[in-house]
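Chain IDs A, B and C follow the sequence of writing; residue 1 opens each chain.
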C-alpha cells in the first residue's frame, strides 16, 4: 500500500494545566497519526485525556490555562502549536471538520438549520478560494444536497426548522451534513452518538461510515465505546491517563489485546453468556496533579515490575504496525 | 454538624434546615473572602451605628428637628460645621445623621410589615393553589402593574403628605415581590417527589412548609431583604424629594436634598452632602446584598 | 397561528389587570380623607359653592355608580374633569404627555446605545480593567437616586461649566416648532427648524441621561453576563469548529442569543425610567406628566391622578407586551414556552 500522506501528526505531546490544586499534567507524551483516508479510533475511558489530546491537535485548546511544555502537533505539515488562532481558523475550514458529543448543544438554538448551514457553506467556500460571493440559490442547493446525503427526509422543510424542533437523530445527521459539506480531508468526531439512543446511534455510525468511505475522508473517532471502534475504525490508539498504551489495527487489538490495561478494558465489557460476566479493573484513574511516575497504569497493574514505576516505557513493535508501551514485551525505557 | 440518632444516621427531618445552616456557614466563609461585600457590610454597619447613636455622635444634636438660628444660616463648610449650615442655621452634618435615622426607620417598618406578609401570602398561594392562588397572584399583578414609585405616589394621593403615610404606601406595594418569590419557590418544591412521599407517610402540611419549603426560601429572602433595604430607602427618598414623604422639620435625606436644591449652586453644601450620604447608604446595601447573593449562591434576578 | 392566540390571551389579561388597577386607585382616590372640592376652591369658598362643585363632579352619587360613570366615560375619551384645570383630563394628559414621552424615549436610546456596547466590551475584556470599570459604573448607577444624578449633572454642566441649560425644554428665546407630535425633536426635524432642534437637544441631554443612569448600568451588567455565558456555550465552539470567522460569530451567533436576558429586563428598565422621570422632571422643571401628576396628588385632584395612573399603567403594559413579542420572535425556545402556557 502506497504511503498515504500524513494529515495529523502528533509527536510526544505534553499538555499541562495550571489549576487551583497545582499543576495538572494531563498529557504525558502522546503520539498519534492520521493519514489521508484512514479511519482512526482514539479510545479510552472518561478522563483519560483523549478530548484534551484532540483539542490540542485541533488548535482549540485555550492556551492559558493550558501549557505545552513539550511535543509538537503537525496538521497537514504545519506546526499547530506555533500558529496564531487566525491562521488555525483559516486552515480549519478547508481541512478539518469536527462534530461533538451532544447535537443539541452544538447547534445555536436561535438560528434555523438553514441559516447555520448557509454560513458554514459560505465561509467554507470563501476559504477554499471561491472568490465570488456565493449566491443564495447555490447555497440552498448545496445545503439540500448535503442534507439528502445524510438521509434527512424533506430537506427543504428542514432548512426552515429550529434545532429544538428536531429529534436527536435528525440533529446529529444535520451536524454531520454541516461537517462534511465543505469536503474536509479530516473529520474529527468526539463521541458522536453518546447522547442518543442506542439504535439511533447505530444508524448514525452506519451513515457516517458510508459517507467517509465514499468520500475518502480521514476520520479521527474519539470514543470510550469499544463497539464503536469495532464498527468504524481501521486503526486504533488505546489511551490511559494521558499516555498511549497500545496502538495497531483495530481488529487485531480487539481480538488479542496485549497491554494489561487493554486486556482489562476488554474484560470489563459485559458479556451475555459465560461464567464471568464482567470484571472491573481494581483501583481508580489517577489525579493528574499527582500522577504516578513511569507507566501511569502501574499502580493498578497485576504484572507490575519495579521499573514500571520508575520510567515510562517506550513503545515496542510486537507486529507490523502494532506497538505496545509495556515492559512486559521487552522494550527500553524512556530516557 | 448534622444531627444524628443513636445509630449515627442523619435524621432526615432536620436535613433541609441543616442544609441551610451549612449553606450559611459556607456562605460566611465565601463572604468573608470577598472584599467588596465586606466593604458593603462595613458601610452599612457604620451608617446604622451612626443613626442609632445619633444623639451621641453628632456635634450638635439639638439642631435636629425644629431648630432655627438665622444668624448662622447658610454657613459654608468650616471647622465648626463640617458640612456647613442650612437655611435655618442648623448643622448639616447633624441633620444628615438624624435624617438617615428616618430613612432607616422607613426601611425597617416597610420591610418589617411587607416581608412577613409577603411570605405568608406567597406560601398560601403556592401551597394551596387553585382559586386562592389565582386570586392572590392576580392581585399581585395589579400592584405590580405600575412602577414602584408611581404606585406609591398614587397611594400617597389618598392622604396628607407625611412620613408614616409614605411608609404605608411603600409597604402596601412591597409585599408583592416577596409574595412572588416565595410563591415560585413553594410551587416548585411542592411538586417535588419527596414532598408527595412525605405526604403519603403522613406529614402534615405545616410540617412540609416548615421543613422543606421555608429553608429553601431563606437564602433568597435574606439577599432580597438586603437589596430591598437600599431600594426602599431610594423610593422613600424619592417620595420625600417630591414633597410626599418626610415633612420638615423632621426631614429625611430626600427632603433635605429637595430643600437644598433650591439654593443651588451657591449653597452647594446643602445638596451635595445629603446626596453623598444617601448614595453611600444605598451603595452599602447594594454591595452587601450582592456579596450575600454570591456567598449564598442565589441566582440573579432576585 | 398559535402565537397570535397567545398574544390575544395576553392582551385580554393585561386589560383585566388594568381594570383592576383602575378599581384600586379609584377606591383609594375617592374614599380618602380630605375634601378635594374645598382644596380646589380655596379656604374662602362657601359651603354652597363646595356642594355645587361636588355635584358637578358627581361626588354625591354612590361609589360603584361613580366608578361606572368613570369607566364608561373613558371609552368615550372622557377622563373626567380635573379639579384644577376644569377641563377633560384627557386634554390635560395630551398636553403634558409628549414632554414626558420624549424624555423617556431619549433615555431608552441612551440605555441601548451606551448600555449594550458597554456590556459587550466588558464581556470581551472580562476581568480586566474595562470590565471592572463597567461594573463599578453599573453599581454606582443603581445606587444613586435619579434626582441626585440630575442635580449633580446640573451642577457640573449647567452651573459650573455652563455648557448646557438648567431647566425646561427650550430656551426662553427660542420659538418652539409647529406642533405636530408634541415631541420637539421630531417636530423640529419635520419642519426643518434646526435652531429649535439644537436647543431642544441641548435641553434634553441632561435629564434624559439622569433618567437613563440606572438602566445603563443594569443593561450593561446583564449584557456582559449574558455574552460571557453564551461565549462558553458548546454551539459557539462548534461554529468555530465549522470554520465560521470570529467576527461573524461575535456579532451574529453570540449577540442574538445573548440579547434575550437584556431584552426581558428592558421592560423593567422602562418601568424604572418612568419612575425616574417623575423625579428628574422635578429637578429640571420639565413640563411633563410629573409636574401635572404631583400637583394633582397634592391637590387631591383624583380624576387627574386616575388619568396619569392609567396612562402610565397602559404604557408599562404595552412595553412589556412588545418585549414579550420580540423575545418570542428572536428565540424559538421562548415562543414554544409561550405557546404551551
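We adopt the following convention: a contact is a pair of C-beta atoms (placed from the backbone, for glycine too) under 8 Å apart; a residue touches a chain by one contact, two chains touch by 3 or more.
Predicted, not measured: the structure shown is a model, and the values here were computed from it.
In summary, the chains found to touch both chain A and chain B are C.
Of the two chain pairs considered here, B-C and A-C, the higher C-beta contact count falls to B-C. Per-chain Cα centroids separate chain A from chain C by 54 Å.
The mean-CA centres of chain B and chain C are about 24 angstrom from one another, to the nearest whole unit. Of all the residues in chain B, the ones that touch chain C in their complex are 138-139, 141-143, 145-150, 153-161, 230, 234, 237-238, 241-244, 254, 257, 261, 264-265, 268, 271-272, 275, 278-279, 282-283, 286-287, 290, 300. Listing the residues of chain C that touch chain A in their complex gives 233-246, 248, 252-253, 256-257, 330-333, 336. Those residues of chain A whose C-beta lies close enough to touch chain C in the complex are 58, 60, 85-86, 89, 92-94, 97-100, 102, 105-111, 116, 119-120, 123-124, 127, 162, 164-165, 175, 178-179, 182. Those residues of chain C that touch chain B in the complex are listed here as 16-18, 20-21, 24-25, 28-29, 31-34, 139-140, 142-148, 151-152, 154-155, 159-160, 225, 271-272, 274-276, 278-279, 282-283, 293-294, 296-298, 300, 302, 305, 309, 312-313, 316-317.
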